[in-house]
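Same chain, two partners: chain A is paired with chain B first, then with chain C.
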Partner chain A sequence: MKFSIQKDRFAQSVQDVLKAISSRTTIPILTGIKIDATEEGIKLTGSDSDISIESFIPQEEEGKVLVDIQQTGSIVLNARFFNEIVKKLPSEKAEIEVISSFQTVIRSGQAEFSLNGLDPDEYPHLPQIEEGEVFKLPTDLLKALIRQTVFAVSASETRPILTGVNWKIEEGQLVCIATDSHRLAWRKAAVETDFNAEYNVVIPGKSLNELSKILDDSQEPVEIVITDNQVLFRAKHLLFYSRLLEGNYPDTSRLIPTDSKTKLELNTKEFLQAIDRASLLAREGRNNVVKLSMIDENLIEISSNSPEIGKVTEQVRSREIEGEEIKISFSAKYMMDALKVLEGTEINIQFTGAMRPFVIRPENDDSILQLILPVRTY
Partner chain B sequence: MESFYPKNGRVVLHVDMNSFYASVEIAHNPSLRGRPLAIAGKPEERKGIIVTCSYEARTFGVKTTMTVWEAKKLCPNLIILPPNFERYRGASREIFHILRRYTPLVEPVSIDEGYLDITSSYALGTPLAISELIQQELLERLMLPCSIGIAPNKFLAKMASNMKKPLGITVLRKREVPAVLWPLPAVAMHGVGEKTADKLAGLGIMTIGDLAQASDHVLKNRLGVRGIQLKERANGIDRRKVDPEAANDFKSVGQSITLPKDETKQQELLRVLLQLSERVAVRLQRKKVLGESLSVMIRYKDWKTITRSKKLSGPIEKAEDIFAEAKQLFLKNWSGNGIRLLGVTLSDLTEKEQADVQLDLFSYEQEANKASLAEALDKLDKKYGEGVIQPASKKKPAGKEAAPDMDGKKSE
Partner chain C sequence: MSDIWKDLNELQPIVLKMIMNGLAKGRVAHAYLLEGDPGTGKKQTALYFAKSLLCEEEGIMPCNECSNCRRIDSGNHPDVHIVEPDGLSIKKQQIVFLQQEFSKTAVEANRKIYIINHADKMTASAANSLLKFLEEPAADTVALLLTEQAQRMLPTIISRCQLLSFKPLPPDLLKNKLIEKEVSLPMAALVSRLTNNFDEAFRLGTEEWFAQSRKIVLKLYEVLLKNPLEAMVKLQEDFNGHFKDKQQVSLALDLLLLLFKDLLSIQTGNEQGLAYPDQLALLKNTALHSSIVNTTEQITAILEAKRKLDANMNPQLLMEQLVLKLQGGASFV
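== the complex of A and B ==
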């Protein structure tokens, strides 16, 4: 194998596949990056067996030559060192050559590295995904879906299924749900598809986080293929495979209240800032709890009390308060997480009681909701 | 008066009520005065255990932890009463109310003893005069006798109050420590139990004087930092302050039950555990606290006692939660041998106001229902008295109920 390649483009691809590589893997070869040189270009692969990422650099793009392949072939190189080396190469071009028994030379400018590689034939095969039913989402929408839900997955392994985001596809609609059982994020979007298939899968939160980091902010469509135990995201020159979580995701639809006893309309930014201020003192406590109560028909009060430190109260104007008076306590962190991902300048909150979940939605937008369970204070 | 007080240093009193439960019963029913009296769990059970007895009973040789049957043999006329903890708690409240009028620095240690720092109370008289006033007032107003120790620190005050009972007042100065304390056996020292005494004996330390002169190195090796602390105490040094707040962050809430016979039946033991869990829950709720650590104490028929603890994932207060944890811990550690006494204790307590519970999406509905049930029970209890409604499992044929041990006192 021998090729020379444009360094910046190469370094970017190495960075991308590195997202899948874990230093704590039990399979030693997975600490490496696999490089395949073919007539078409260079393919880089990284995997931790849960996530696998393949990045492709074509020989030529928009009339510009990116890679000059002198000899095809494959090699696996230690990812951590290789990444550092490529990033710091002195010239705009890099030349990679496997000289003998996996020993690989990397040349750039006057620098020359020699790295001991591993046998590429030992590298596991990536999951084979049949070109079956494909559906498409614009990249920016996919990233928004991830951002608006993945933060709510559970960080604890006590219920492994909750560490993933539930994706349900029905009649051209994708519904994403994440919950750690204390709050829940729900987002709906239309998908482009030629098929009528229905899916109900759970994608690990970690996979979605990594995917979101690699994708750029374009409107180019990302193709998505779902199988029994894998999901594949295909963007330009990029393949992202993730294992799916096994097990049934709990049915949350009946847990989301549909009625409302009290409804508030608030300015998102004002409310977020008030919660942020109230949590300055609450943060020290166990649950970072703030209290919300009503003062009159268009004024609410946010307060927090940490006996050792002090207390804070702040009044926030509500455009409208409908229904019964309520006093409720909740985690300031959950509220801020939810408000930060809601787009729109105005939100409404619907309560059904101090001991029941409440729902936050942007005004005039039913494609997203955030649900939070209150904190019971004695 | 100030001349009777040290220029640097403190004056600490230890007030210790004399045979408290028995005294409260006598105060309540003066016809019992002068007669041998003992408080025992379920007097009709021959194997019930004596919790406290009056001085008259003690002259017959009756002692705490004896069975009713043994005590009756020594003193056939012994009057035995069941404990009435509500009454004792009430008396305790009145005692501390009186003590707080002499100084705000009152630290309750248990239901019937407390420390007072009277360093700044010189306007009321000399330390001895104040002690006499306290003793008289408690006797005249509540008809309750006490012994008082006067010393420069808590340890010496505690040792002093123990020297003359009943109705003693003892001054113990630091310079008197070698003459007064050193000849006593190490086990007589407050803070040295039988186990520690055994360890000390292994080091050739038999008396408090031996301990006072023991090598730091040896003590530290055998007993850790506590060894050094004990040596300091033996030399009359104790830097602990009288802390009125100490009782507010009560370290634990626990209950134990001495069983009417050595019990080996798992079903019966679990029933007792449930009963204990319910009592602990009631006391937690009364004190408005939740606990985050749970321990189970098992005393076998040979008096071998084990205590096993567990840190919980969150604070709990409900009987069913306490029972679930206690059951698990008990079954894991029970050897299968006959059991004499069982105890359940919750520690690592937080006040309810600060113990918030994050509700869970998948269980909030049950939580909400349980919360309203607990509130309803609370109201009924307030209206009709405690325990008017109980889980059916608590209903047992009369006479089989086991007796609670010393409520409010920590067993060591």
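== the complex of A and C ==
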């Protein structure tokens, strides 16, 4: 393998794939970055076996020559040292050559590094993607989907399946569900696709967080391919693979109540701030609990009481209250998490009783829903 | 047929047969416990088994050449996880990591395999975490637990595994092999009792330090017999200086244990296959002065000392206590 490449572009790609590489891996080969030189360009791969990131540098872009490939081939180089070396190369161009038995020479300006590589055949094989079964989503929508669901995944490993987000694709609709069994986030979006297939997979929350970090904000579509073991997200010159979680996701459709006894309409921002203030005193108490009760027509009261600290009450004006009077307690943290990801200035909340889960939706938007279980207080 | 296969089949025909039958009939259990003395080829078998499950080639026998087989050999296969004790024990964290790993789908193949070496060294909480994991196996997960001391493992873990018992190699086989390599008879007899691994036996048998160790342990034994009061002094003189770290003390205890075992077998009338054949006269002499009950008590004391050493007792105090106990046994005769 021998090629020369533009340093800045190369360093950027190395940075990207480095995000997938973990320092505490048990598999020695995964401490390295895999470099593949083909006729089309240079491909870099980093992986911690949970997620893998591939970055591609084409030979030519917008008329500029980025890479000059003299000989094709592959090599795996230690990521930590390689990253530092590439960042600090003196000249604009870098030349990389594998001489013999994985010994790699990196030349730039007057500097020359000789690095011991690893056998590229030892590197995990990423799934081969078959063209065709592809879904498309705009990058900004994908990022919103992730942001609006992933916060609700479970942080504990007692039920591993709940640490992921359930993605269901049916009839051109993507439904994302995340729950930690105390709250649930649900989001629906239309996907662009040419064929009809149904998928039901669970993607680890950690992987989605990483994906969200690595994608830039743009309208460009991201292609999504789902295989048996992995899911692939393909942006421009960037491939992101993640393993899936094993097992069946619990059926959540029956959890979401369809009827309601009480309906509230509130201004999102005012309500969020009121909850935030009430939680100041609640935070110290157990469970971070605040209480919501109706005191008058179009007036609700948010209160919290920690006997050893003090108490707080605040009245919030509601646009409209319908149905039975209700007193309900819930976790302020869950409520704030839910309110922060809801778009729109007005929200409505539907209750079906003080001991039943309640649903929060933005006004005039049925593509997103947040569900919270109340807390029993005596 | 590969060499490894031939070697293993020669040493452990029953275990290999069980594994091969399981593979051939497509009835691979979700967990196996590979149990046997050091050097009986447990780890080799485990890796071999993993290769059989993941090899790309047709057939039951792994090819040892495809990329899966080669990556298992080098420890780079992403779907084969090997857990080794971290320091003295396998920590709960390592098992939790394993559990997280196995809640996800496999990276490449459709099977995931984990190998836990020295499974008896799991801490109590680690063993209990593993138990839960073993109870609810995900599809196509194979667990291979390796241990030298199956009796130290939780019975609830053992009951959830298919047991593969590795036969100890006959000591005479190794002894004769060593003698062929020009290791002296007394040495060959002793080291063939200590290990089943030829390379290690050969290394010990030709090592100056080990020869010295043997001498010191024998001297300690003699002093214990003749002049129990001097034993403590002897301990200070040679023993503590020679056996410095824990592993070395453990070896010394093994040597001492074999000596008492020889004594016991002479007392029960068996003079064949001794670990110290050159000391026959001395041992015979002692055998007359001591009772079988006494000897078993002394053996118990040594085993107890071994256990305490594993539990991090100060080696010097441990040896002093042991010497006192062994004396106690002798003075009652």
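FYI, the second predicted complex is superposed on the first by the 325 of 378 C-alpha atoms of A that agree within 3 Å, B and C clash if a C-alpha of one lies under 4 Å from a C-alpha of the other, contacts with A are read in each partner's own complex, and residues count from 1 in each chain.
We take it that a contact is a pair of C-beta atoms (placed from the backbone, for glycine too) under 8 Å apart; a residue touches a chain by one contact, two chains touch by 3 or more.
Note that this is a predicted model, so its numbers are computed, not measured.
Visitor: Using the superposition on chain A, decide if chain B and chain C clash or fit.
Guide: With chain A aligned, chain B clears chain C, so fit.
Visitor: Where does A:S329 make contact in the superposed view: on chain B (first), on chain C (second), on both, or on neither?
Guide: First partner only.
Visitor: How wide is the angle at the Cα centre of chain A, looking out to the Cα centres of chain B and chain C, in steps of 10 degrees?
Guide: 60
Visitor: For A:P374 in the superposed arrangement: first (chain B), second (chain C), both or neither?
Guide: In the superposed model, A:P374 contacts chain B only, not chain C.
Visitor: Figure out whether A:D259 sits in contact with chain B (first) or chain C (second), or with both, or with neither.
Guide: In the superposition, A:D259 touches no partner, neither chain B nor chain C.
Visitor: Does chain B (first) or chain C (second) touch A:E171, or do both, or does neither?
Guide: Neither partner.
Visitor: Of the partners chain B and chain C, which touch A:L244 in the superposed model: first, second, both, neither?
Guide: second
Visitor: Using only C-alpha atoms, work out how near chain B sits to chain C after the chain A superposition, in angstrom.
Guide: Between chain B and chain C, the shortest C-alpha distance works out to 12 Å.
Visitor: Touching chain B and also chain C: which chain A residues?
Guide: Common interface on chain A, chain B vs chain C: nothing in common.
Visitor: Using the touch definition from the top, list the residues of chain A that touch chain B in their complex.
Guide: Touch list, chain A to chain B: 179, 181-184, 250, 252, 255, 285-287, 289, 307, 329, 331, 353, 355-357, 371, 373-378.
Visitor: Looking at the complex, which residues from chain A come into contact with chain C?
Guide: 26-30, 49-50, 121-125, 127, 157, 160-161, 163, 204, 228-230, 243-247
Visitor: Residue numbers of chain B touching chain A in their complex, please.
Guide: Residues 288, 352-362, 364, 367-368, 371.
Visitor: Of all residues in chain C, which touch chain A in the complex?
Guide: Interface residues on the chain C side: 67, 70-71, 74-78, 81-82, 96, 99-108, 110, 138-139.
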